[in-house]
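Here's the structure, in structure tokens; my notes come after.
Order of writing sets the chain letters: A, B, C and D. Residues in each chain are counted from 1.
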Amino acid sequence: MVIVNGVKVSEKEKRQRLTQEKKSRNISAWDVVKISRHPKRPIFQDYLERIFTNFVELHGDRAFGDDRAIIGGFAQIGNQKVMVIGHNKGKNTTEQIERNFGMAKPEGYRKALRLMKLAQRFNLPVITVIDTPGAFPGLEAEERGQAESIARNITEMANIEVPIISLVIGEGGSGGALGIGVGDRILMLSNAIYSVISPEGCASILWRDAKFAPDAAKALNITAEALYKLDIIDEIIEEPTEGAHADYQQIAANVKRSLLRNLRNLSNISVYELLEQRFEKYAAMGKFAVD
Amino acid sequence: MSWYTKAIEEKKPQKKTLWIKCRGCGAHIWASEWKQNLSVCPECNYHCSMTAQERINLLFDKDSFHELFENISPVDSLNFNDLKGSYKDKIEANKKKSGILESVVTGHGKIKGFSVVTAIMDFRFLGGSLGSGTGEKILQAANFAYDYGLPYIIFSASGGARMQEGVLSLMQMAKTCAGVARLNKKNIPFISVLLNPTTGGVTASYAMMGDLNISEPGAVIGFAGRRVIEQTIGEKLPDDFQTAEYLLEHGFIDAIVQRKEMRDYLANVLSYYNR
Amino acid sequence: MSWYTKAIEEKKPQKKTLWIKCRGCGAHIWASEWKQNLSVCPECNYHCSMTAQERINLLFDKDSFHELFENISPVDSLNFNDLKGSYKDKIEANKKKSGILESVVTGHGKIKGFSVVTAIMDFRFLGGSLGSGTGEKILQAANFAYDYGLPYIIFSASGGARMQEGVLSLMQMAKTCAGVARLNKKNIPFISVLLNPTTGGVTASYAMMGDLNISEPGAVIGFAGRRVIEQTIGEKLPDDFQTAEYLLEHGFIDAIVQRKEMRDYLANVLSYYNR
Amino acid sequence: MVIVNGVKVSEKEKRQRLTQEKKSRNISAWDVVKISRHPKRPIFQDYLERIFTNFVELHGDRAFGDDRAIIGGFAQIGNQKVMVIGHNKGKNTTEQIERNFGMAKPEGYRKALRLMKLAQRFNLPVITVIDTPGAFPGLEAEERGQAESIARNITEMANIEVPIISLVIGEGGSGGALGIGVGDRILMLSNAIYSVISPEGCASILWRDAKFAPDAAKALNITAEALYKLDIIDEIIEEPTEGAHADYQQIAANVKRSLLRNLRNLSNISVYELLEQRFEKYAAMGKFAVD
């Protein structure tokens, strides 16, 4: 017997569920990787400017620093007030260096958790926006508890008593992404990726050469389409054919529509139900054999 | 996230081996002495890895351990093939090699009379990597601890998330931590024992979330791989980087316990649970 | 804990003064311009301290502020006498000088329509020091916020605990924080505005515990005094040490807000409170 | 009307309450300061060895480091299991340097708070042992949030759902002492001090010269006797006449007796009542005039 996310699902059922979203696209997983990293691809800041109003940035982890690789604060989307938190890649070299290319350190994850608890105090839903090559793999990050900070976020997000929507807009790089990614809904742009390891990293371990990254990308199932099929994500937000960078207004409109719909759907659930459903959602993830 | 998976592969003594070469100091130790000393080098105190079964024998009261969820095993749901073949074949080979069906053994038992629920990772099975089956067993055991109000102890030894299951393996971090979160809410102690090596996605999830984090001397514990970090910062890292001793100094480990004292130590800690 | 008490003593413009010399840049500014600019230097943006009443006028909707617990004042319970005389005499002198009875003014009011409970420290009264009366008023106001489910905003400006009340003043740190702890438990927002200067026991209690910690540009915020630290480490500290900007960089301040934007900023933040 | 700790108390009543504890002692406040800092005065470690058994030291703040100026862990006193946390001064120069003379940094206070929450999980009462000249006044401590860490402890201790007993054995130095000092009971050795500022610091500000420290010591009311009169502390534990250093066994026995009695008294209070009483205790502290 094969368990698909906790329940037996026939392949037919699976295919039907996908039909509404699936577009016949003739691009490879590696093409998607390249689009997800396109230098002109809209970043968190672009969505902040186009979708959100009245952003009040809040700084600091109250213990060590203010990591610019993750930013967050109060914001409004339509008439809905939220806490929005996201990886902050930067649009040019200066910004990218200041923001460490969206690779957060422990103080970044700890700030994110602080803001989620603040959202709980203010009774606001949380939107997390994911776009990172991964958590920063540096000495000081390791020293100050990169692992601890991600582990704590993943654990405590399970108990945050307001709705959480996670949106993958570009690169969903491993633990660095999941560290703000434990949402009640996981949405993903159609050319975003979400992976346990970078295709290059995987290729250099399992193929002994990073140049096999395209093979690794395919094998890892990192595209929105693949992840929807695997029941990891809840919704794919369609990009323009060439990718989100081709039409900032269009993709922003699509993202906004999706966020508002999902906020609405989550708004009438009691805290008890919300946390039960969140638990069940993650408890159901994975495929394994029994006997 | 599995930079270590290949890096460390402990050679276990074969039946016929007369002596063991210590990986810590290179000394040659008689196999019988090595075994008697719990796979710890009598010369340099290097703590060599143990199988899950060896650890059960070491820590649990005789005949008290009952395995749970033993019928869970991995599936190659992505049809993952790399240069060296299919994940499917690897699963079968690892089952055969280790005699267990997943990288973790779960169950309940008693340590000097104190009932606990436990999950014990076995590094022999796919480098102790965190796959869907591993995550399922660790969560089920957490739920068992939750239902019965028993302390939960996880012994980690892992190269991290299991790449061959793609994001499914990444999500096991959230899945297992959801179990820990429920224990936290109900004030049920969770003790994490981080063994050599505990790295990547396992360190960045349940292994680091113990109410107590305990380790053995010299255990390597880290998130990013040493080589990756050296590439990032462009310099060589200190020798003790990512050892249990280093993590204790930096505030992430409560105590480093010698293997031969682990049973007494855990029983002592458990004696403080007052519900 | 009151190293700053003597260190900073802002000169307020007298009625007849024609110009003000800015403490930030030394520029001479016409008193009328200075006042119009909310006691902020138009040359260097130095934010000079304000009285509690001036801040009420600046931030609260016209006629919306109602003072509470205004009948509380200090007593010299230890008969404290130092070289310059008795605490008792100082209390009387400060009452006279400032026209208020304690170092904090408490009340409730509206900021652009949003009802809040507030405590506003006044640096003129014994250097804004935290005495028993101060603590009592701050706790009473917290309890008022708790009872009515209203957000609580404390504006701090203080040299720290009031030495002349001995440990009674130290205990005001615990007393005020007990009020904050109750608000936390009931999920009622507490906003801390740290003004120039906020130091010693006030920083190490309620002032640092805001759900949001907000400051004005250049405000000095610290625990130990600059001179004490320089003696400890044996070197000179950087110029921006213990400024709001420094604290923001180190993760302790959410935002630095220009005085003229404070009212809008607070109203905006309050609009996010969704109960 | 004068309010003494929230209620009107007649001077007569006050004196009566003190009679049982008060000894007619002909030593000055400054003498007490000197005894409290006596090089041979027993430190936390001495009580750990004499009163507690089965100590399991727990390390680290899970964010930055393991401050040796504050240590703590599980321990047993008589048959009672507890979490014990205290300032750790050191007995010789090497130890004193390693432990920074008992002057803790933010990571020390954060470790202490972590252990108190651990005590809550294990349902164990907390004993905090205070003996510090004050929190460490250094650049790095300031940078990493000395004020924040003390403020957080003081605040969160108000909500810790197990009994807390605080015991001042030597120097109770200002915020650095209070950072682990918000107990349901505050006990103090008869030659310990507890002060808002060191006598020297106070003298150098208010007398313009540290040599007036004896005057400041008297004015500040920092002795156990003075603090008992002021209703700040709950109990004075008597030392041998010359001071605790004269008889380690005797003072340890006195401390143990007092701790066990207070643990017993706190053991039958419901969590709700405990937190209410703790709140009322601190709400009542201070003396001020109304009208």
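The working rule: a residue touches a chain if its C-beta (ideal position, glycine included) is under 8 Å from a C-beta of that chain, and two chains touch if they have at least 3 such contacts.
Everything numeric in this text was worked out from a predicted model, so none of it was measured.
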item: Chain B-chain D separation of Cα centroids, rounded to whole Å; value: 41
item: Centre distance in Å when chain B and chain C are each reduced to the mean of their C-alpha atoms; value: 52
item: Centre-of-Cα separation between chain B and chain A, whole angstrom; value: 28
item: Chain D residues counted as touching two or more neighbouring chains; value: 62-64, 144-145, 148
item: Multi-chain contact sites of chain B, meaning residues that touch two or more partners; value: 184, 250-252
item: Chain contact graph, described as a line, ring, star, complete graph or other shape; value: other
item: Which pairs of chains touch, using the document's own definition; value: A-B, A-C, A-D, B-D, C-D
item: List of chain A residues in touch with chain B within their complex; value: 2, 135-139, 141-148, 150-152, 154-156, 158-159, 174-175, 178-179, 181-182, 194-197, 201-202, 205-208, 212, 215-216, 219-222, 226-227, 230, 232, 278-279, 282-283, 285-291
item: Chain D contact footprint on chain A (complex, rising order); value: 62-64, 106, 110, 144-145, 148
item: In the complex, chain B residues that touch chain D; value: 184, 187-189, 211-212, 248-255, 265, 268-269, 271-275
item: Chain D-facing residues of chain C, complex; value: 1-3, 5-6, 71-75, 77-78, 80-84, 102, 131-133, 135-136, 139, 161-163, 165-175, 177-182, 184-185, 200-201, 203-209, 222-225, 228-229, 232-233, 237, 241-242, 250-252
item: Of all residues in chain A, those that touch chain C in their complex; value: 54, 56-66, 74, 81, 107, 111, 118, 120-124
